[in-house]
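As structure tokens, here come the structures.
In what comes next, subunit A is part of two complexes: it sits with subunit B in the first one and with subunit C in the second one.
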Partner chain A sequence: MDLTLKVWRQKNREDKGGLETYKVTGILGHYSFLEMLDVMNEQLIMEGTEPVAFDHDCREGICGTCSLYINGEAHGPDRKVTTCQLHMRMFKDGETIYIEPWRSAAMPVIKDLIVDRSSFERIQQSGGFVSVNTSGNTQDANALPIPKMNADKAFDVASCIGCGACVATCKNSSAMLFVAAKVSQYAYLPQGQVERKQRVLNMVEQMDKEGFGNCTNTGACEVECPKSISIEYIAKMNREYLSASITAE
Partner chain B sequence: MSVLDSKIPDGPLKDKWTNHKNHINLVNPANKRNIDIIVVGTGLAGGSAAASLAEMGYNVKTFCYQDSPRRAHSIAAQGGINAAKNYQNDGDSVYRLFYDTVKGGDYRSREANVHRLSEVSGNIIDQCVAQGVPFGRDYGGLLDNRSFGGVLVSRTFYAKGQTGQQLLLGAYSALNRQIAKGKVTMYNRHEMVELVKVDGKARGIIARNLETGELERHSAHAVVIASGGYGNVFFLSTNAMGSNATAAWKIHKKGAHFANPCYTQIHPTCIPRSGDHQSKLTLMSESLRNDGRIWVPKNIEDVLAIREGKLMPIDLSEEQRDYYLERMYPAFGNLVPRDVASRAAKERCDAGYGVNETGEAVYLDFASAIQRYGKQEAAIARMESPTQEDILKLGEAVIESKYGNLFQMYEKIVAQDPYKTPMMIYPAVHYTMGGVWVDYNLMTSVEGCYCIGEANFSDHGANRLGASALMQGLADGYFVLPYTIGDYLSNEIRTGKISTETPEFEEAEKEVSDRIEKLMNIKGTKSVDHFHKLLGKAMWEYVGMARNEEGLKKAMAEIKQIRTDFWNDVRIPGDRNSLNPELEKAGRVADFLELGELFAKDALHRNESCGGHFREESVELDGEQKGEAKRNDEDYAYVAAWEYKGEPADAILHKEELEFKDIELKQRSYK
Partner chain C sequence: MSKGLSSSSVGRKVLMALSGFFLMFFLMQHFVINFFSVISADLFNEVSHFMGTNGLVQFVLQPVLLVGVLFHLGMGIYLDVKNKAARPVKYAMDKPSENSNWMSRNMIITGIMVMLFLGLHFYDFWLPEIKDKFIDGKWDEPTKYFPHLQHKFQDLARIVIYCISFVFLSLHLLHGFQSAFQSAGFNHNKYTPTIKKLGNLYAIIIPAGFVFIALFHYFNQL
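Now for the complex of A and B:
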């Protein structure tokens, strides 16, 4: 298929940026979206134009590096996938595709389609851990049984890949789904109980400090989340936060 | 040729590590505060090492090329992590894990290292659970296990098909805790581009800030390389796009020997190639072989009909299928080790039985597992006479809960539903057992420079067993390096802060700067990927699953030529003082172009078949094992460690003889 691409180009953090138009031809349905961009970039290099910079790494939907806003949707039109798992069979011959970076004040553009997600790092550093040192004498892993349901739920939320699609797709640029995932994981596990209250208070405080917006329950994040993390965990985080605010010392 | 000192402690095998730990020099807590350590790479090995070293009190600087340490490619490991816990009461023990690993590695790994790995394996699971890693559990709330290839017990712990992700996020959380405390300084979007040596000791690195292009000098009392494997030398592999050998190769060029580069793992279950524009290959976890059965049609006519789309695989009866692994290896069946499974798939496809258009695919079929689980679930649910439909539904739900994400990945890539029709799979480059040579303390042949995880060579011999990479990465990072590095650093307490304003740092920075300038000024006509693909093609063709003398000689000459062309004709657009992914790639491919030639040279010199290294000249000619790989213990039971001498072809061989005191060397038989 032949496609017209409208791609966001921005030299650096300071540059204003804008859309450029490129054409690609001979794209097959089994190419991934990023392989299509590889074809475009190879073409640009041969023409002597600087190729478009975009973030990507594992190309199998788990590292959370790729981050494109395609035709107004985070990770494009398919569901439960990251951009690297999006295949060109989702598009039609002759189509025009708009490709933009995530947009959020808390995730500024570095160059072209690459954004700075270090705000997520700082949120995790504010409490996304269990305070346990490495030790050869930790108690036996089976000393503390965990109900399967709790372990499974902890896993479901822990599968978050930190890509930022929830933020990009939210009209409020809210990071609640991301933060809720980490808070909930530890809240479901016995190992997370000791720091449970302080964790949610610290992580929410850091989230607000970074300039992310609030949740107004539109549910867009859940739809675009490549790992299908449910917004019920946002409710859980709110509950955790409320009870911690009231009872924390 | 010198003899390498691997510094293996004396005493009986099972006491070596304990005794060594008890006699190692320690650094007192006040002195640790004055000692800096650089860790390059933030995967399971690097992330866990950085966190542990910081917990102990050292000042750690950590580097990764990704925008977050959580994105290192350990994240993509699927199936699980081994540990000798014997929770299943199936006769597992530290010794058995040790034995399986040495045998699985085709007797080309270092006994003492592997035993240590087995000893600490249980601690890893304890540590990860304590961090909040959500492993799979049974209804009693206890940890569940699955089986992997090459073993007869269930010792693999897992978190669905995302075990690597969960373990890495565990290490990442420990790292975050230390970053928040200020004990770790994290440098994201930074790439190590040179090692700095002062008076023969590793004293720092030159790193390039990938966003600004700036070259930075960082000093430390020790440098730890945890930058992963070099599978991307094949261009197409299951590695991430950015996975590279640059850090490992730079220390090699500064004096660290590079060991056994030809030991590469070709993983049997990957999604087959689709065409020329493919950028990478995707793994389907080995855990699928717990429940999937591998087959091709028995009759060549059926193969052709399937390729033409006239016949569907589900239409073939049991009698018309050749479950070739079950046929050839009845004892281990579909769970033979990876090297064996890969060669068997290649053999069937070379014989013309490949089931897709390219002729390079075999089936991995879940139909009988779905039936089995469906019946079991129906019985548990006390259904009196379940219909076939009920059974399928229940069976698919069990498969979904075990491998859901893998089935979804497959469906998105291939656009076929693996619950209804068998998966198509083919071997692909996955892991590199070879790597930087290290002694028992994990120190390279450069003093003060350590290498851990996949980047080193030490534990897997010529073939790695499934679910052992995660084990090794975390063993090195959590439980081995933090002890052994103290032995060296105890002599550094009087060194004081290391200045970066010295001729050594200046020279190293200039070297890097000149290299970048040279690359930018070639202004040729071909993209970096063009050369990378040529290299990958030569590697796959001559240094892939089967190798012979003629092909390997050809590979060495071809790779040398590609390297010359690269340095004359590569085109790198943009500039060096901003974010420039093409420039990053160029630097990495330049290193792969050297490594690839050493790889072929190593494969050429090792005229035996062992593990992932299969020489066509060395096969069993008769008997029960006819056609299987033939090892030559008399001449090749050593580690080949190569010393850099300019051109890769001029590298000098150093041998570390492997001594097997506790295990008798036998031919591996999985029949």
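Now for the complex of A and C:
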């Protein structure tokens, strides 16, 4: 498979950046998208051109490191996959593929296709945790009865890998699906009750400070989320927030 | 202690939903009263006169409605400006239709079109009513409403603008109805599919009903 790639190149945060065109040849359908980029970078190195910087780590869809807006969609044209799980068989021979970084004021480009996702870290630090005594007399988590339905829902949202596809695909660059997932995963569990109210208030406040947009319920985020997290959890976050706003000290 | 609802993104979203619920409720009662004009001129005059002279409607509900309309418009524009600022660099290649529908992405356009129509609507019906009552002091004219309505619906240009505006309203409601429930936190496997179906029915039946009333009076006077 021979492809034409339009790849975003940007030297640093301050650089304006732009799309560069590269040709890659000999790509097989079973290659992952990141392997195709590896081939492209090998070609660029052989030509004496600086390789394209892009984020990747586990390459098995669980770390949330890879990103990329591919041909107008977060993580490319396939569904329920991260970019590392995207196979080149999804593309046709001779196709032109646009490869861009996530676009959001709250996730600025650092270099080429790599964006700064530390805004997610700061949101997480503001409330995405439970305070548990780990001094040696920690209670066995299994000693706390949890309804199966709640455990399942908590697990569903805990599968969020924080990749940022929700922000990238939302026309408003809203981070509400991410924050809703992090708020909900603790709200369903007994361990999360102590900080429940303050958690949602703090995380929403930090999300707003970071400069993400507002959710307008287009539902694009749940379609592009590699872990299929539903926008029903955004509604849950809204309930949590309203309740906490009214009752928190 | 949390700050006021209007100072957070989630709070603003909930306020948009609440004002949306209020406007949708108002729209339904407006439709019912307008539909009386198809059934009987006397009934329409009677109900319109009641609405136009009742103290609670005039001095409490009407100002609340005006505030609701202006709030929904103002907050909608404010949020849209903020949302656009959240993505200063656009994608060179973007395919939003792969994951969302046109109505959900263009609420600001359909909303502003509806508000532009409201300008004409206020000029046609609301301002003359305000002038009659509050400037000329004519509060007791129980038979003026039906002839006034008929007079406005004689004009073909008005009818065309009216019909196009209600298409925009329908597009706005096709997303807005179910979106208001989602924003207010109502999303449940059991009820959300029904809410979406009800929303589609509301978004088609109410605007189509307004268009029917306008066409009914236009063709009746040919």
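One rule holds for everything that comes next: the second predicted complex is superposed on the first by the 248 of 249 C-alpha atoms of A that agree within 3 Å, B and C clash if a C-alpha of one lies under 4 Å from a C-alpha of the other, contacts with A are read in each partner's own complex, and residues count from 1 in each chain.
By definition in this document, contacts are C-beta pairs under 8 Å (C-beta built on N, C-alpha and C of every residue); 3 or more make two chains touch, one makes a residue touch a chain.
Keep in mind that what you see is a predicted model, and the values were worked out from it rather than measured.
Contacts of A:Lys111 after superposition on the shared chain: subunit B is touched, whereas subunit C is not.
By the touch criterion defined above, A:Glu224 lies against subunit C but remains apart from subunit B after alignment on the C-alpha atoms of chain A. When both complexes are overlaid on chain A, the residue A:Lys23 reaches neither subunit B nor subunit C. Legend: residue contacts after superposition of the two complexes on their common chain; A:His87 is shown touching subunit B, with no touch to subunit C. Judged by the touch definition given at the top, the superposed model places A:Tyr98 against subunit C, while subunit B stays out of reach. Between subunit B and subunit C, B touches the greater number of residues of subunit A. Residue contacts after overlaying the shared chain place A:Lys209 against neither subunit B nor subunit C. Of the two partner chains placed around the shared chain by superposition, subunit C is the only one that A:Glu73 touches, whereas subunit B remains out of contact. In the superposed model, A:Asn238 makes contact with subunit C only, not with subunit B. By the touch rule above, subunit A contacts subunit B in their complex via residues 11-12, 28, 30-32, 34-35, 38-39, 42, 44-46, 48-51, 53, 55-65, 78, 80-81, 85, 87, 89, 110-111, 114, 116-118, 120-121, 124-126, 128-136, 138-142, 144-148, 151-152, 154-155, 158-159, 161-162, 185-186, 189, 191-192. Taken in their complex, subunit A has these residues touching subunit C: 6, 8, 19, 69, 71-73, 77, 98, 100, 103-106, 169, 171-174, 176, 201, 204-205, 207-208, 211-220, 223-224, 231-232, 234-239, 241-242, 244-245, 248-249.
Taken in their complex, subunit C has these residues touching subunit A: 1-2, 5, 8-14, 79, 82-83, 85-96, 98-101, 104-105, 107, 175, 178-179, 182-189, 192. By the touch rule above, subunit B contacts subunit A in their complex via residues 48, 51-52, 55, 66-68, 70-71, 73, 75-76, 85, 87, 120, 123, 125-132, 134-143, 159-160, 162, 164-166, 169, 172-174, 176-177, 179-180, 186, 188, 211, 238, 240-242, 274-275, 277-280, 282-283, 405, 408-409, 412-413, 415, 478-479, 482, 527, 529, 571, 573-574, 578-582.
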